[in-house]
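For reference, chains read A, B, C and D in written order, and residue numbers begin at 1 within each chain.
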Amino acid sequence: MADLATRQDPHVRARLVEGNPSLGQLTETVSKIVESRTQYSWYIAIGVTGSITGILGMMLAYLVSTGIGVWGNNQPVGWAWDITNFVFWIGIGHAGTLISAILFLFRQKWRTSINRFAEAMTLFAVACAGIFPLFHTGRPWRAYWLFPIPNTDLYMWPNFRSPLVWDVFAVSTYATVSALFWYVGLVPDLATLRDRAKNFSKYVYGALSLGWRGSARHWRNYEAAYMILAGLSTPLVLSVHTIVSFDFAASIIPGWHTTIFPPYFVAGAIFSGFAMVVTLMVIARWVFNVEHLVTIKHLENMCKIMLATGTVVGYAYATEFFIAWYSGNPYERFVFINRAFGPYWWAYWSMVSCNVISPQFFWFKKLRTNIPFMFFISIVVNIGMWFERFVIIATSLHRDFLPSSWGYFRPTAVDMLTFFGTFGLFLTLFLLFVRFLPMIAVSEVKGMVATDAMHDAHHAEAVKH
Amino acid sequence: MALIFPKSTDKYVKIGGGVVALLVLGGISAYAYFTLPQVMDTGYSPQQPVAYSHKIHAGNLGMDCYYCHNTVYKAAYSAIPPTETCMNCHVRVKPQSERLLKVRESYASGESIPWVKIHRLPDYVYFNHSAHINAGVSCVTCHGRIDQMVEVKQFAPLNMGWCLDCHRNPAPNLRPVELVTKLSWTPDRDPAEIGREIIAAKHINPPTNCSGCHR
Amino acid sequence: MIQIQTKQSGKQYWRSLDQLSHTGEFKDWLHREFPANASEMLDGTSRRNLLKLMAASMGLAGLTACRRPVEKILPNVRGVEDYIPGKPFFYSTVFTQGGTGMGLLVEVNDGRPTKIEGNPDHPYSLGAATGYQQASVLGLYDPDRARIPMTGGNPSEWKAFDDFAKDHSTKLGTGEGLRFLSDRICSPSLLAVKAAALAKYPGAKWVEYNAVTHDETAAGGQLAFGQPVITRHKFDKADVILSLDDDFLGLDANTVLPQKEFSRRRRVTSAKDEMNRLYVIESQYSVTGAMADHRLRMRSSDVKGFVADLAAELKVGGNELQIVGGNRDAKRTKWIKAIAKDLTEHKGKCLVVAGPRQPAAVHAMAHLINQALGNVGETVVFFKSAADTVRPQLDAIKELAADMAGGKVSTLVMLGGNPAYTAPADLEFAANLKKVPLSIYLGLEVDETAVLSKWSLPEAHYLESWSDATAPDGTASVQQPMIQPLYFGRTAAELVAQLAGYKDQRAYDIVRNYWIAKFGGKDEAEKTWRKSLHDGVIPGAAQAEIKPTIDVKKINGAIQGAAAATDALEVVFVQSASVYDGRFANNGWLQEAPEPMNKLTWDNAALLSPATAKKLGVAQGDVISIERAGRGMQAPVLIQPGQADDSISIALGYGRVECGRVGKNVGENAYRIRTTDGFRFAADARVRKVAGTYPLAQTQEHGSMEGRPLVREANLEEFRKEPKFAQEMVEHGPLVALYPDHDYSKGYQWGMSIDLNVCSGCNACVIACQSENNIPIVGKDQVIKGREMHWIRMDRYYSGTGEHPDEDPQVVTQPVTCMQCETAPCENVCPVAATTHSPEGLNDMAYNRCVGTRYCSNNCPYKVRRFNFLAWNYGTEEVQKMHYNPNVTVRMRGVMEKCTYCVQRIQEKKILAKREGRRLIKDGEIQTACQQTCPADAIVFGNINDAESRVAKLKGQTRDYSMLEELNTKPRTTYLAKLRNPNEELAEKHNG
Amino acid sequence: METTTPQTVDKAIYGVVAEFDLPEKLVAAGRKIHHDYGYTKLDALSPFPVHGIDDAIGVPRSILGYMVFCTGAVGFAGAIALIYYAGAISYKLVIGGKPFFAFEPSIPIIFECTVLLSAFMAVFGMFGLNKLPQLYHPTMNYAGFPGVTNDRFLLVVEATDPKFDIVDTQRLLESLGAKKTEVVEA
């Protein structure tokens, strides 16, 4: 009787899972990350990130109690780091859903070992992003006015024409759907943990897995649901950054008022999202030694996507300039010349070198598969993408139509510490995730490995006769 | 292996879930109800320093509102009468009454009587009595049958939505100006019809845009 | 996408100075790149920072203010006659400055004066008011005012002083050693008291001293005519005006009359209309220079030579006037010839005016030229002066200082003016004041003089006390109080009356009895008195004209000897557009009002021309030390295009050390190098760069229009050729909208038209708006951050051609406020519908709905929205709150605000009309605050649906254009393009 | 090859559980017992969705898709209704001179609402159809149950099946290659 392990398609083995583990081994590898005793290093790490999150808390408290004036924002630069950070985090939040949804629809098997991880990243990034639209308002305690809550006293509703209200809908929908998607994926794996758990944790995992037992009746609904969610998330993920880009595209400010923004923003989002996945994955796979599950192949694929999207972004920059010149609109022309050669030239050129030039190295397989290098580039790209948003927001605002009102934005320490703090929050959530939840979608990996095996088996039998 | 959850668990889960759902729904509806302006604001009736009865003065004695609140026709504010106004009569009427002690003291000392404000709008709302009175909006529309109140209490919620209801459809609340302070007046025909005539005659066109009330 | 081409009207607008010297931008990104520290965190000493910290607690309060607080109503005990709560009264009064009275109307809300307006019945106001006057209401409620009498630095009380004065006045005897020091007096009643005092104490002397004075003007009259005269220029009669260093549209005028008159001749309705022509010769760029058709920058000390040469060219004064030719370079000769020609062509219809900064000789020459050209009686008239001779104030105060030094002064009574701070430095007044055994100072604040005086007494503010004042032509007005003195202050007249044992002791009696006596006839007098209180003008007080004869010989003597050329720099002492001579230093509105030309707030600076700066090797913000007459001061450099080379202008009135919280240590004290021999300007200054730089808070840092058609301008001739030039300046595709336009054809449709051809950029509207709409100040550090709150701002652009455009630019000013766009970009993006459109075309802003996303501001192409970045209004003291306009919400932290066309005034008048059963509001019945106070009548507001309204007619003119109309925002505020009327003789110099 | 039969007959019996070690064996066995032997009350438990098991043991296709479509439609209509009511009925405010309701600016919100409600139904509908949460299930009584979320594959024949018989069914299952079978109580 042939054992699963003995006959696996060489490709499968070579490609996506190395060292042909049995189903049991797969379970073991992933589960033990959660079950093993907590290392001190983890406590130290979360201690650090936790205190950084504390800084975030303090900064926000100071902001709310004192006013937006503690930031560098001014007339005419009404938005600066606040919205920059918002778009930055939202952008990062795009890789997860993209991997889990779009690659799923395209039957990209290699997604399975990284999608859980990426989805988690999405959630935490969106959580960080959500902070800014709320706290950038002058009176955050009134921010609920942006939601269509029926009210008997004022008869007032949000202005549904405002891109900011679109944002509220888009981002909250995106956060909700991603969370659901993520949880649905988790249920079978939580069941696995439940059934392996010895101590009290079995009750927790038991409750969270809702009594999942992998019945065929469950699986068929489950697969239907998963497919539908993927189908929904795909347009959703595209819509979110499209709508975020409307914040600018729907305005009349030269440099913002551009039809190119939606695709350009989406590409940028995927770009930065994958960069962030690489950054984190490179560390995680090494720390939790799952290199045989998250193989170099996965990383290389992500590098390819970065190369593609990075090039798209570069193309978008070029197009902007061309259109500005071609439109013959003097305000438009000025803004772009000012971007490149005005007071913020340094921001513009760091953006270009980080986003357009650095990913080009990935044309070479050697570099694509060089882990330290891709780690370095992924960080460079994230920096570059932050600059992109800053350049779009600040340079367009600081010199618009009336030279009399031109100004200049300088960030304050509060600006910086707030942004810094969001990384603390992001990483804290991440540490909690890798500690208590399976960071790889075991059941999906099993499914992939096994189904491949089955096909090969049939194949083999067919050959026999 | 031993079961994690006994068979009975699901029963409790269902019951628990139901209870939670009910609590949430109940909570929301309770909050919604108790924050209704009609519930929160109407009926506010604080203790006044002097037990002045509008029922006696405006009701039984039939004094016109305008006698004391004499600026409503020409000013934004409806003036609270100076102590002098009370003393005009009360030097002769009930000059010794205990209940009027504070009034006499005030008149003697020059210290104002600290009346407690009842009908209160936020300070970013600019309500103008004269505009409404001269259009033919009666006191009763916003203040109710003051002439039947021993202790005045807030009659209307006075929230923005409530204002808007009338600004959008003023007709039912309009009457000839001379009848504005006749709180007991009952129209002999459909008030809306009367209202429409007044609107036509005076070109009444209440604002529903922000700067109508917020400046 | 809209295709836009801007047709250059010949004139190309150059980029900012930084861009001209291509290094600037590059240099400053370097230090810009390093972000500012969170200056909100405790550092810095400004008042704002304090407030910011206070604001923290409020923010939390805002979060938790849920429970309904109990509010009390405290009615009057006794009714007040025709007082209606919430209904403002308007009282007439008079504001005195520089020895001139100007009539005002003051709005009083529930007993609180809240808003100053000009008095339409007063010949020198005609309904307009200046920035100083607008802001004076804030001074009334200044919490840092002197509150109690102090003796020897210790708190005392009036009773103590009264006893002291009673006993001391007996000791004074004939008054040897008694001196009075006051501002120039134009109050008849005070003059009467003064006379009584001097009668009682024959040995006493009365000295008048103003730091900012028109002394030389008077001296010039004396020199020319051998008798003191009061000169009255009629700018509305003149076709050609030559200003010799005279900023008659701005600082050098104590009233708004010159602007009123001048603007009448700039108001062009059609291509056929004529327009006056203005030549300005000046050192510092003034608003008058900005209005000029031809401006020649020249050191103030060279003007004398210039006017001499001009006189020679005009051949005035016959052979009695012998001009030994001054230096005549080609350019100057050309100018002199051109101007002379132009003047002679307009005999009797031209006018030459000299500025108070210029010496008597120049004034005399102006008189001479005017007479020679037959302007006397036409464009310039003379009145008999009250005084029989003119004694220069400087001589008087010199003598006083000498007496003080020599111990001849036993009692010095100072009536305001803060002489210890403003007196010429070489008199060492402060030091000498210590030598005076008894010094009594009556002042509004505890200033440099108060702290040095034995007795310092709180003076009553003009809005809270009785007095009177006369205008230059003798028109008198009574100054009546709007409110009880807040701090029991007394008036100058009261103090002198007390010391002199005058028949009346209380200000009211002093003033009233003076006039009753003057009017004569018991009840007749009473009537006249009441009427003059009501009108704010005392009838029949104006004097008759005189036609004095001119004495050319004297002038000839005085005019000789043009300034010798030295390598030293010239320092010109100018009064501050914000703090005058320093007396308004504690007035936040004025401190934050940008200087009209260089847009500097919260500071004064040494203004240098770019060339001079290059020569000295200094850049903007560098600190230089200026030394002259053995004295020195330091000041930051501000590079002012159009400043005369080798001439430094520096504003007086800053660097106050004994001052309230707002003005303390703001700027540098220029009095330190202002001596009696260099009182107005001095051409003997040495300058060197010292270490360090100094941050300057300018509200506008970029001077160029970048070739954008924002202010549209042409020469009169061009305008006549193409009257529609303004509308045709921008060519763009059809402005198509996705949706049909909203219907604004019914009811009132408010609109505004601003005539750029008469706007001088004087800032009066900015402060009027601040006062009307409860606009907070933000402080210097916040202005640097770019967070100033002015709802209406005065944009200033440089334009110029020629080889040195940055040296010699023309200036255009443009008041910009919310345009009330019909398709407002701000409205679409507001997520909570806090800013929406009213059916009357107003861009409503509901502060209480705003959550403060600032999206509207980002999306406003005109950048007129203002955000409360911090709790500007938090922490204001009760007394300060008294100036608030009760009809406008005081905005809290975190909300957006902006101009609403003074919607509170609109609503008030609409309700009034309804109450009076009127169908429609009369045109002009509603005036916005900026319109009402504009001395040039540049702003007109009204109902554009009414074809007969002024605003509709103005919008019908061919000069009418909308700024950025290519964005299809359909602004309700439109502009009338600017025109210049250059002289073709000097054509290539300036024309387009 | 051992067979366990319940010691106490009074306990109600849920059915028989048979354990397999390979997915394809599960499928094969399932197909036989359903199609050849006509058992209908069947279920299969596996650590991951095993392809072909559905038609092997006769599990109908999921109806989730239709449910999601309906809620999506509700979201779509609801969004339009909300925006129209707020702008054109509840409070008509002129904003930027635009019409009170226009379709174009409403598209983003309409889309988001559609997606949101659909997603809710996809997830909670799935749980509903699966009767989750269900923390207890008879099959959990099977000793080897934890393996089902690891690498075991179970075929369950319910006692309510007309053909069900403790002994025969177990034998049958074993003959179909079950590693081990067990009767589990309800």
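Everything that follows uses one rule, which is that a residue touches a chain if its C-beta (ideal position, glycine included) is under 8 Å from a C-beta of that chain, and two chains touch if they have at least 3 such contacts.
Just so it is clear, the structure is predicted and the values come from calculations on it, not from any experiment.
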Pair of chains joined by more contacts [C-beta pairs], A-C or B-C: A-C
Centroid spacing, where centroids are CA-atom means, of chain B and chain C in whole angstrom: 48
Chain A and chain C, separation of their C-alpha mean positions in angstrom: 57
Mean-CA-position distance for chain B and chain A (Å): 54
Centroid spacing, where centroids are CA-atom means, of chain A and chain D in whole angstrom: 30
Contacts with two or more other chains, residues of chain B listed in rising order: 4-5, 10, 164, 209
Residue list for chain C, restricted to those that touch at least two other chains: 825, 827-828, 830, 833, 836-839, 849
For chain D, residues that touch 2 or more chains besides their own: 91, 93-96, 98, 102, 133-136, 140, 145-146
Overall pattern in which the protein chains touch one another (line/ring/star/complete/other): complete
Touching residues on chain D, where the partner in the complex is chain C: 93-99, 102, 104
Parts of chain A lying in touch with chain B, wherever the complex brings them together: 151-156, 194, 202-203, 206, 211
Chain D-touching residues of chain A, taken from the complex the two chains share: 4, 22-24, 27, 148, 155-161, 165-166, 169-170, 173, 176-177, 180-181, 183-184, 188, 191-192, 194-196, 206-207, 210-225, 228-229, 232-233, 235-236, 239, 243, 246, 443-444, 446-447, 450-451, 454, 457
Touching residues on chain C, where the partner in the complex is chain A: 1-6, 16, 25, 28-29, 32-33, 35-41, 52-53, 55-57, 59-60, 62-63, 700-708, 710, 782, 785-788, 793, 795-797, 814, 816, 825, 827-833, 849-855, 857-859, 861-863, 865-871, 892-896, 964, 967
Partner chain C, residues of chain A touching it in the complex: 62, 64-70, 72-79, 136-143, 145-146, 156-159, 161-165, 168, 247, 250-253, 327-332, 334, 342-346, 397, 400-408, 410-416
